[in-house]
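Two complexes are shown next, each including chain A; its partner changes from chain B in the first to chain C in the second.
Take a look at the complex of A and B:
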């Protein structure tokens, strides 16, 4: 059973390998897209590495539910609707969407996921000790 | 020995162009999974003929239309080999017929094997190749995609689809150092082209091929393994015609 520190270290390794960033760039507050330069294919790469590292299965679209952002029911004029934001909260309980919800511009969505969110995501999948 | 220490999967590997690709890969040191729809004994016999080559061949029976089988097979090989360096999608069929007489089954069979099979194996190797930041996929297209014959709407559509898949996937995977290309053979002496060669006559065909000969599976295999090898390290998203100049047209 990994500790929270071990979860962070494994995620750091996955991000360094997938994104070609340095260890010190991967801080809990760093955003995947804005600070670490992740593109859509990188999210798949990261998911592959997390699956291997933690020996877990992560359904595609669970970490980064892109399908919500391409669904006309949830998007209007480049913004996520209230129903869309609710759907994102449901699908991403590990992420803090409060700031995004105040001005939910679709293009900004990619910038909100942080390394700490990813740690919470993994902690929801594996048993973790303190 | 461009493929020493490398691993490869070749679909349709027991016959025709696929078999020539396997022969070239194994002659240059690769470990090759020879995947084919035919009975395992047939593949094993083909593999036995190449047993003196420096590489190694492992035959598998599979229907390339079966996506689960593709994933299972690729994962098994990845667990065992820890890398998949090369995929050559050579499994292909023809079910010719004029549109007015073509059955839906003829359409589905050709699209399913030629395009669906290519998708299934590309899909299965994407993850291991992305993880390794290295890989080369070569799909078998055909000059028939751009210069179609009558009675081949299914075949031409499937190979046109392969071209689109090749170019799109090349863009997707380029940042992962995974290259995706295709070879487009013209008139090649294989079982698949026997009917056309018989119908038109080889003498007539040679008149319209600038290099004045029917191509051999080895001609295509040389081009395919060039694209698969590090010799083509800066080539991706290309459709390389291997047709003796047939598609040049003119006089």
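Take a look at the complex of A and C:
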């Protein structure tokens, strides 16, 4: 059973290997897209490394629910509707969507996921000790 | 020049790994173009050879349905140069194949010496406009030319055969069979 620190270290290694960034760049507050330069194809790579490292399965769309952002029921004029934001909150309990919800422009969504969010996501899938 | 950066497969285990060789020759024009008076097979083409070895492995596993393109190289380490006279042995091993894409890890050896290590991520392109680039006849021709069906095995251990889907698509007139112009 890993500790929270061990979860962070494994995620740090996965992101260093997948994104070619330095250890010190991978801080809890760093955003994957904005600070670490992740692009869409990197998420496939990152998900695989997390699955291997933690021996877990991450179905498509679980970490990054892209289907919500392409669903006409949840999007209007390039913005996520209130119903869409609620759906995102439901699907992403590990992420803090409060700032995004104030101005939910679809284009900005990719930039909000942080390393800390990713840690919480993994902690939701493996048993963790303090 | 043909864009073949491997010469032939020597092992091909469907969905698991593939091994191919690349002989570097002084007769190849490109070895003279990289550094003046210092013939060498550039690392970028070693990477391309590994991508062809791994890419066909991924394609074959999906019966050549998915359009497999090189999307990302998370790791590429080269420990020495490849020069004329070298025989490079490329081995690529499937790390995962998913709906969205795949990843292989790969090595290049010169004899017993580790020459390069790579990781390559492939994406599955979902765009019918690109169909022309993924002609079934071309895949059949490449696999035959590279002897994949001579040395390969399916997942159940039986000899590797061209997917029926590909044969159906090229119909009765399979001009990729041996003896035809490439």
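FYI, the second predicted complex is superposed on the first by the 130 of 130 C-alpha atoms of A that agree within 3 Å, B and C clash if a C-alpha of one lies under 4 Å from a C-alpha of the other, contacts with A are read in each partner's own complex, and residues count from 1 in each chain.
FYI, a contact is a pair of C-beta atoms (placed from the backbone, for glycine too) under 8 Å apart; a residue touches a chain by one contact, two chains touch by 3 or more.
The shown structure was predicted, so the numbers you read here are calculated from the model rather than taken from an experiment.
When the two complexes are overlaid on chain A, chain B and chain C occupy overlapping space and clash. A simple residue count on chain A separates chain B from chain C, and the partner touching more is C. Looking at the shared chain after the overlay, A:44 reaches both chain B and chain C.
Of the two partner chains, chain C is the only one that A:60 touches; chain B does not reach it. According to the touch criterion, the shared surface of chain A, contacted by chain B in one complex and chain C in the other, consists of residues 41, 44-45, 48, 52. The part of chain A that touches chain B in the complex is made up of residues 39, 41, 44-45, 48-49, 52. Those residues of chain C whose C-beta lies close enough to touch chain A in the complex are 71-72, 74-75, 95-96, 98-101, 103, 121, 123.
Residues 17-18, 20, 41-42, 44-45, 48, 51-52, 60 of chain A are the ones that touch chain C when the two sit in their complex. Here chain B touches chain A in the complex through residues 127, 130-131, 172-173, 175-176, going by the rule given at the top.
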